[in-house]
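Chain nomenclature is as follows: A, B and C, assigned in order of appearance, with residue numbering initiated at 1 for each chain independently.
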Amino acid sequence: MATAHGGVDGQIGEGVVAILDDNRLFPTDPNVRALARDLYEGVKALPIISPHGHTDPRWFAENVAFSDPAQLFVTPDHYVFRMLHSQGIALESLGVPRVDGGETEQDPRKIWSLFASNYHLFRGTPSRIWVDHALQEVFGVTMRLSAQTADAIYDRIDDQLKQEAFRPRALFERFNIEAISTTERAVDDLRWHRMIRESGWTGKVVTAYRPDAVVDPDFDGFARNVQLMGEMAGEDATTWTGYLAAHRNRRAFFKTFGATSSDHGHPTARTEDLPQAEAAALFDKALQGTCSSEEADRFRGHMITEMARMSLDDGLVLQIHPGSARNHSHDILRRFGRDKGYDIPTRTDYVTALRPLLNAVGGRADLTVILFTLDETSYARELAPLAGVYPALRLGPPWWFHDSYEGMWRFREMTTETAGFYNTVGFNDDTRAFCSIPARHDVARRVDCSFLATLVETGRLGRDEAPEVAHDLSYRLAKQAYRL
Amino acid sequence: MATAHGGVDGQIGEGVVAILDDNRLFPTDPNVRALARDLYEGVKALPIISPHGHTDPRWFAENVAFSDPAQLFVTPDHYVFRMLHSQGIALESLGVPRVDGGETEQDPRKIWSLFASNYHLFRGTPSRIWVDHALQEVFGVTMRLSAQTADAIYDRIDDQLKQEAFRPRALFERFNIEAISTTERAVDDLRWHRMIRESGWTGKVVTAYRPDAVVDPDFDGFARNVQLMGEMAGEDATTWTGYLAAHRNRRAFFKTFGATSSDHGHPTARTEDLPQAEAAALFDKALQGTCSSEEADRFRGHMITEMARMSLDDGLVLQIHPGSARNHSHDILRRFGRDKGYDIPTRTDYVTALRPLLNAVGGRADLTVILFTLDETSYARELAPLAGVYPALRLGPPWWFHDSYEGMWRFREMTTETAGFYNTVGFNDDTRAFCSIPARHDVARRVDCSFLATLVETGRLGRDEAPEVAHDLSYRLAKQAYRL
Amino acid sequence: MATAHGGVDGQIGEGVVAILDDNRLFPTDPNVRALARDLYEGVKALPIISPHGHTDPRWFAENVAFSDPAQLFVTPDHYVFRMLHSQGIALESLGVPRVDGGETEQDPRKIWSLFASNYHLFRGTPSRIWVDHALQEVFGVTMRLSAQTADAIYDRIDDQLKQEAFRPRALFERFNIEAISTTERAVDDLRWHRMIRESGWTGKVVTAYRPDAVVDPDFDGFARNVQLMGEMAGEDATTWTGYLAAHRNRRAFFKTFGATSSDHGHPTARTEDLPQAEAAALFDKALQGTCSSEEADRFRGHMITEMARMSLDDGLVLQIHPGSARNHSHDILRRFGRDKGYDIPTRTDYVTALRPLLNAVGGRADLTVILFTLDETSYARELAPLAGVYPALRLGPPWWFHDSYEGMWRFREMTTETAGFYNTVGFNDDTRAFCSIPARHDVARRVDCSFLATLVETGRLGRDEAPEVAHDLSYRLAKQAYRL
């Protein structure tokens, strides 16, 4: 059956001027919509606090122009290429690099055209909103992306990317980013962060401490990484006490580049609080590569608690991002490597898993542990009840597949009644897609204002209280929780 | 406390003309409702594609009149008799046959009256909508069913059932069914399908390959069934290679009666991709009846992957319907047999369970594997992320207990953002209740149009795009995914 | 950033007269709201049936004035103090008693002030609605609670508490409570219930049989409790048959004080139906304190089935409240004891767990087993399908963390389509916070009326049927299911 995907948006009549609906994501009831819009007007221009994400500090260090529309929107964005791939489009034809260095599509215009011709696949998805937002608000595009408009839009973006105003620092400023955190491995030399600092540019780009490579015995090159960390830290990291000292040293180093947080992403939320002798013995086995899978997991779990104890001293906020089954397809891992859209959420337990950590440090109000989940069933059942009582706990915003309109509604509906607003921490964009940052924060602000308007109109929040909460969710809580 | 269940619907005033609300299942906001209704007008008359279900091909082969209202609406419908039974009504008094052939109610008018007097139990359920729809649209009934109206409605239906226009083929045509699939066991001789074909009637009724009896070592008479399959296929099915060849032969035979799909319903979604020698050894144990429960499960899991490999050759779409704990009550199983409303959904894992299958064939865009679930928690967490990346995977519509207004909303809200619309496959009615088929498709079309209208009015879909998606969800995707 | 938490509600203008929105919890669409309100008008004044809860019978026996606002609203309410504690406020400063008898805040005005100053933490929570309702409707307060209004509100409540009209019996009558059930341990002498009866006061306060202390081998002092139960019952409870006889005797004793139900709260929903010899052997081990953790669990599971069998004789309704991981923080347990907000819901299986019980007695229409859950994922997947077929089963209302606006919506949306309304049992307030009882029933009535209005306006229920269902959900079903 022939279909006519594409064409301009019928909503906006003859003189096409917008691809975004001004009232998008607001409730449909006119009264609630009016209030949501009103609340949104009060927060839409607030600076962006982006306390956790994966942008590349090199962009801001070198400030070189982005290369082309395909590199900006398609090839590195797993949300985008996974959807195209799910309908049978080969990753090679989207320019995704092969592990063996073999041939992939090199012509950005062809990649862009493939994306544009299949843009209907994104109907109803957050990618659609993010891309439309970037096209309209960053690049001034006024036609919906489609096979018909692909070339014209490509040209428009490509032209602009060559201009000074579209370089990373200029966009950073235009996006009104007050602070952004990147994420670096514990053994990173933070050279780009150093270069940013030495450049004299005043954009606030901080790092975050991500020690997977040196806390996960299953990580490729674990022993080598530990060795390297020791060298960087001037400690003998091959002993348990030296290893812990090296972590403390690296954390301090990261803090000199603005770090206010560490980040931990394990397959489960398991934590342990082992006797030091047992932890030391596991560490020795890990270095020798003789940990069983269970022992490796126990060690990872224990290291979360060690990190939390270090946080009590150095003040880094501890983030836990558990529950992704990484690299579900062996074939894709072998041919294209990690982070290729084949990471799938799994059922995640928190109640039992977090008990050792929380019994060790959960009662400390001077510690902040921010929990994320890919398993929404834990919101009302486990996460809100835990964050609603432990002084150290806060709930991170909806993450990854749940960073979306529906995901945000479910998060608020399932956490607010038990954890309130003040055990949450505002929004994280958590992205490596730079141009989607304003879009994502805009979505979060719209949804939160819509949620608040709904509470007011159903008598669950005072009309006078809503603006303050809107401001808290859009700005203050992220800044305060992440100590930025 | 006395209550007055029943009476006619107060909504429609003196001259009662309808028991259905014309605007049923549309959003309440006037703007959104208007758009939903508009979209619905564009799809409501589309032919019905019913690619998976359990209607009896004998109906269309013999074209004999249905016997009476109780047999049409009550006695064979597990949705109906389970609800009545839950409030203490004995299955015997609803005419449900006993395994021992013992006495049950034989008077259809008495059964009908019991149903009618308890019709208030169905308030808020999909059965209520399906029955009301069939009463009004198929039989022209204008009063709500109740103790008071039971006899009059019984007489009206009973009279009509005797008319030519209410025989199976006439209803099939009146229901505007373009194609319907029944489901038959691998060892079925498809005699009714043959009779339909030989009758010259042009209604498209196809079969589907359901091999439980010959792939599940725990199935009653497994070895005997395998033996029989071999005989039917002209293969020595007692050897592993002969057994696989017999499957291929039977699938080819099913294809000559229009089959485009196979169907697999196991307690879990477990799949395996075993070395052939191990599979062959398990098969031998299965034939000898010496499989442990774990071995039987492993064999079933492996056979899914074998079926998928056959699909790569013969093009049958592979459906997986996992996660029902069958025959929860031993007493009911003993007295009334299977399928008596005592099948209860269970928590179902997909991420780990499907990995062997997906690593074997999930990357093949020329294969279609359609996943169903009775565990809605898997929608956003597992199924949408899997279907949103593996080329072979598609998501079946909400199934069984979730084939309902709320079930459909949850399905769209929890799958669309990650899998989009185009990794779903339209609607399945999956029913043996023939008169409910138009009702069920109508519900699905109304809910999908309501969902699309909500997306448009909240700026998540272009107004110009919605009619195309409505058409896709109502018609095209089912036809295309099932290759009908 | 400075914020101005508090102040009066801007909604109600200069002459502040209300802190509650008259239309709270009704849908926002004007038509649906009008119908919801209409339905609510028909049920709002119905008497309260409170068939399960934890109010103190001593209040009604002695009828002594409540001491002060802090003791009424803060110190004993785990919803309230857990939220304050989650933001770093020490339990000591809220007057929560320490196990060691050590110092805690004794000044109720200081505790109240701390609560008031942090009242913004409760925005969007049910506690906010309950407290606001009690402040306005019970104490006539017209200003929102805040640091600014703390003292004035404290004085107003404190003054009133000294008046006769605010004593427990007077409030009981003013709250229009037709019947309330407290919950007592199997070895309770029911002295307060006796005192109520002997006082001649006609308020209907009944007890319920809660035998944890004598059915759970892990319970502190299990053997001593069993011994005591035997003495109270005049049976040798140290033999299995004597133990069962003692239960029967105590149940009969509880019935003389109005009991119509028993209540069982185990970590899981596990049930067993063991051979009597095996049960007896486990009982012996339990008495000797030699049960393994698995054996203790098996014994608890078996006792549910024994209790159900007793219910077949004595007619007590059996309630199951499973799935709470109690005392998550060892430190809080050690310092403050049980019930301090550290009980966290866990994933709970029902399908497998309840099979022994249901196979033993689930088919009996003369038995009522009421299931509760803290795991909402079981609503649509397990509980509604089970209650929608087993004659003995009914679903209790949303419990604990889910006793809230959103929790009630999710409950109705996820259970009604499969279990209908008539396999549910109306509302339980399940509270020890006396003044919140009218508020909680009011919330339930508003949400149910809103749900029904939504069904009517979307064509899923007749307009003429809704008032009857509203009455059933608000009053009749609780009364009937609990045989009150």
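In the analysis below, contacts are C-beta pairs under 8 Å (C-beta built on N, C-alpha and C of every residue); 3 or more make two chains touch, one makes a residue touch a chain.
Quick caveat: nothing in here was measured; it's all calculated off a predicted structure.
Asker: How would you label the subunit A and subunit B contact, same or different, if same means the shared numbers make up over half of all numbers there?
Answerer: Different, since most residue numbers here occur in only one copy.
Asker: Could you work out how far subunit B has to rotate to sit on subunit C, using CA atoms and steps of 5 degrees?
Answerer: Superposing subunit B on subunit C takes a rotation of 120 degrees, nearest 5.
Asker: Which whole number of Å gives the spacing of the CA centres of subunit A and subunit B?
Answerer: 40
Asker: Give the residues of subunit C that touch two or more other chains, as numbers and ranges in rising order.
Answerer: 27, 29, 377
Asker: Of all residues in subunit C, which touch subunit B in the complex?
Answerer: Contacts found on subunit C: 27, 29, 31-32, 349, 351-352, 355, 358-359, 362-363, 365, 377, 380-382, 384-391, 393, 413-414, 416-423, 454-455, 457-465, 468-469, 472, 476, 479-480.
Asker: Which of the residues in subunit B end up touching subunit C in this complex?
Answerer: Going through subunit B, the ones touching subunit C are 1, 3-5, 7-11, 20-29, 82-83, 85-88, 120-126, 128-129, 144, 325, 328-332, 341-342, 344-347, 374-377, 401-402, 404-407.
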